[in-house]
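You will see subunit A twice below: alongside subunit B first, and alongside subunit C after that.
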Partner chain A sequence: MTSPHSPVPSSRGAGLTVHDLTVRYGSTTAAANVSLDVAPAETVAVIGPSGCGKSSTLRAVAGLAPVAEGRITLAGRDITALAAARRNIGLVPQNYAVFPHMSVAGNIGYGLRARRTPEPLRRERVRAMLDLTRLEELADRRPDQLSGGQRQRVALARALAIEPDVLLLDEPLAALDPQLRGGLRRELAAMLSATECATLIVTHDQHEALSLGSRIAILRDGHLVQFDTPQVLWNDPADAFVADFLANALLLDVHRNHDHVLALDGRWRIPLGQLAVRPTGHGVSRLLLRRDSFTVTDTADEAALEAEVTHSEFAGDSVQLTVRAAGTTMSLRVAPDARIGRTVGLSVAGGAATLLSPTA
Partner chain B sequence: MSGRPPVGVLRGGPPGWLAAAPALLVAALFCGYPVAVMVANSFGVGQAPADTGPTLDHYLNAFASSAVRGALIASVIVAGGSVLLTLGIAIPVVLRLARDNRAGRGTVLADALLTLPIALPGIIIGFFAIVLTGRTGLLGLAWDGFSGLAYTLPGLLVAYIYFAIPRVLGPLRGAAETLDPGLADSARTLGASRIRVFCTITLPLLLPAAIEVGGTAMAVALGGYGTVATLSEGVRLLPLNVVNELTTGYRLASSSALAVLLACLSVLALVAGRVLSRTVRKGFLS
Partner chain C sequence: MTRIVLAFVVAPILATLVAATSVDFSRGPWGGGFTLDWFAAAWPALAPVIGRSLAVATLVVVLNLCLGGPLAWWVARFPSPATRLTGYLVNVPLAVPGIALSVALIGTYPMLRPSGALLVLGHLVFTLPFTLAALVAALADEELRTNESVARSLGAGNARVLWTITAPTCLIAITQAVTMVFALSFGEFNISFFVNPPATPMAPFALFDAYATQRLEPASAQSLIFIAFVAPVLTAIVLTRRWAPRRTR
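Now for the complex of A and B:
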């Protein structure tokens, strides 16, 4: 579903359009009625937990997974039933799948040889790709002599060499050391923006999705939950799953009165004056609480919500608390010197929590 | 640094070669000594009646005999040809089974059926060949051309293919399982046809394993006796000559010379397979 107010670029006819896509493996439905689109030069991130259908969606676009229902169009062509070899897509698989028996240049030129591109043109294109991905020095190296980041660049250069209509990246940073991911993510973003190729990235990492995608499609159990810009997903999540998965935030249904809201079946009464109020496109009033939205007291306070501390974790500049109140588990962050007992009183820090209201 | 002694360091354990000692002992007993006796016999310096004094006559006689030369050539053709043809049959099968296995589709029945011949003695496989393509065999009833095929070189080739299939399929299956399916997927998305993907990605990566497996299977096929013994009225292979020298007149020395030749041929196939496999792998991957 797309939020009514989302600034969806019009990409029908150009770029990639996935319409009501269903992918089944035997009796298992991996993706159901997924619709999304990628405009030319746009990067869309598909995110969700393991088994949500994001990789199946990408593989269906690539022509490597069976399409049970729906339609896929690319650059104005219906490619739903087209063989993978004829789709003109550039795929970078999760483990990069760099051909181990070919040099870096051999890998990059593979698709051009398969397309019988004339030798001079092929050499020129390979050189341009080596230049783009800064692999000139490594052109004659074998893949086993490369680092993970270099292999990723080879796979990217190989996919881009054929001038694809869309670039598909499957978990592009998952195979790399966590310490390197930040730098390589920025490097990848720079290379993608230099190519101006429509790009679909599949990831389970919220940082990757938020930083690389100009729009994000979030999937759960094979269904598309929300497809919008990172800002909209961050500020107005469709449901508690989106808030939790993408922003580690808590989204509570609330009942709004004239000067306060009631959450957790009326057990938590929060004065309206303590909340920032923003409009929502999802029709009902909800309270968006991030880790820093709380103040914690260990004294009995009538306005505070009593919560049981189930876990406490020292994180250097703060303490991460997991608490449980009225059957709901919440994560919050407190100062490292805060005195924490078995129970705490939770209040909303002034202006740090947001009331998403259809009538703001 | 503290003065504490290092903890958890594995020191003073038994040396690694100790683990290999029982296997080495068995190999020495059941391979080293008999081979030495066989070689000594072939040079006329072994046990009676192969103790006529040092001589190369038995080897020279063997090479001078057109029957032995014919058997030697037929052995190489049947063993080499059957293994090559088996590889041709087995490679698509192992790729398919590996794909099915990855997709979670059961391959137990196919595996069981294809590896069954490994449990069958060569003599039974020879019997199968007679039942199917002997003079009154089942296929011979359908078409005269099949009648008596079992006793010809093509018939023997077919029987040896059945013999070689499980010996090739089993090890090659493991190699196919280790091939990353993402490689072929990527190649396809880059515009390569299935045939091109097979020729430029799958086959080159499977080739080192195929060569090694082929060398081992050829070594086994060269020494196979049961199948050709059952079909002995047709084409003769070298193992038949080895036994023949013993059973008709107990010519121990000439039998030993032929056995040494056969053993050398088998070892050559085995070593060639390994060396060639390593060379190909190095050529591809270094």
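Now for the complex of A and C:
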């Protein structure tokens, strides 16, 4: 791993290494100087908002997007200029791309036929993949007779059948109904853990990234912002974007005094005793506030920060508030029976906010 | 819709059938009795003409696939001002009257006329827009392109991708192009009339000649023989649609 934001060393010879990758389409730079690595049997999630360059990164690894600069190595081979057909990767695109004119077994065996694998071996491998993905009963079905989850399993089995050096999954759950995603995410995790294959997952869903990735690379505007374990990203985000995108949290720069911290240009004074303190690898003191980090009052209080309520949304067991204070927008959660006026007083709930301090 | 098809397609064909099987249609339907003699009388003279038209239509289909296929691929996969201009230019012959197109072809390539090559070229120019219309949309489809990418990532070379992914997925479009081109070439009158040497007429001209110089009954029999050769082509479209794989998205 070569990101300046990550403490994990780079160069894992047997897996996938992407070094300073830049992808351009004409004059548009889709990804710039992206570096990451995936070890064998490891799953790395690449996450970011639409247009951040995550799919371009994946397509470049697959050999389907032009590499303008940088280098990609896979299992010790430099594959930067290698044709897609010769990279030995398993690709599962967002729509699964299950070949509509072939049966389930035909789809799974496609890559093996393309590689001229002897038929007995091919049959055995297809059977093993049908078994792994629990598709034995559906082997002769056509794709239009399958559910979305079953098609996903076909695409996964087809990709794994060729025993790829790396498995590439592009938004693997995005095409499914939201109600099905939780169960299928667990299924997918179980199937991936049953293989020894390095896996790179591209997603815009933080739950997928956090639950499937043993490490997460987060991209914004084509640049890698942070690449580390989910725990590190969750607890010590590199910047406010990472905190917001991955954890719906707010990250404020603070000035630390001996018994309190000052946030929002000194307008919010928070006693140090109310904060959990953790070390940070990012050099400056910052306050990490999650939606449950606040105590909200509707009365004027000298210790509280006055905030204007800009939006209120009932969410069943809570009310999601969007408030604005000192030019900063914050999201927080309050009890459904809380009395909320046009302005509220914000305090930090004891121990529910974290001071990330380089000197902790 | 069904009523319109019945009124304007099926009813005229049935009327022609009645005329072709009547001994003397001037005395009304089946006047003088029912007969198949007109078919037997028409076939010997019509057979070589039909054979010639079939050969030309088949050659035009093959040339359309050989030329129109790569052209459609280029237009669909590499959009640019050049491909857009090509798309416009290919459609120009549709807006030009057949006589004008024929005269332009004869004036430009007179040396190709005696061999019949100019006739094939004329039919090719006239039918190519239909091939492009069918194939460009199919080849530009995003789902097909993703499927091709996945096939390549699995180790398939370009030829295998073309044969096992692209062609089966585009089966309906290819069938539409083939059948449309075949039917258009087989039934084309203007270019065939002006470009083709009179000694070797094509089927549509033979029909015109029959209606102009013979009784209604033998001319109707020739019309039905002509239709009998086009009907299987149209049936192929229906069957292909039924057998073609359904999209999964």
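Here is the rule we go by: the second predicted complex is superposed on the first by the 350 of 360 C-alpha atoms of A that agree within 3 Å, B and C clash if a C-alpha of one lies under 4 Å from a C-alpha of the other, contacts with A are read in each partner's own complex, and residues count from 1 in each chain.
Here is the rule we use: a contact is a pair of C-beta atoms (placed from the backbone, for glycine too) under 8 Å apart; a residue touches a chain by one contact, two chains touch by 3 or more.
Here the structure is a predicted model, which means the values were calculated and not measured.
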Combined model on subunit A: subunit C and subunit B, fit or clash: clash
Partner chain in contact with A:A349 - subunit B first, subunit C second, else both or neither: neither
Subunit B versus subunit C as contact partner of A:V277, first or second or both or neither: neither
Partner chain in contact with A:V309 - subunit B first, subunit C second, else both or neither: neither
Partner chain(s) touched by A:R151 [first = subunit B, second = subunit C, both, neither]: second
Shared contact residues on subunit A - subunit B and subunit C: 62-64, 83-91, 93, 95, 97, 99-101, 110-111, 114-115, 142, 144, 155, 158-159, 162
Subunit B contact footprint on subunit A (complex, rising order): 25, 62-64, 83-91, 93-95, 97, 99-101, 110-111, 114-115, 142, 144, 155, 158-159, 162
Residue numbers on subunit B that touch subunit A, as the complex places them: 103, 180, 182-183, 185-193, 196, 200-201, 204-205, 284-286
Sites on subunit A touched by subunit C in the complex: 62-64, 83-91, 93, 95-101, 110-111, 114-115, 142-144, 146, 151, 155, 158-159, 162, 168
Of subunit C, residues touching subunit A in the complex: 143, 146-147, 149-157, 160, 164-165, 168-169, 171, 245-249
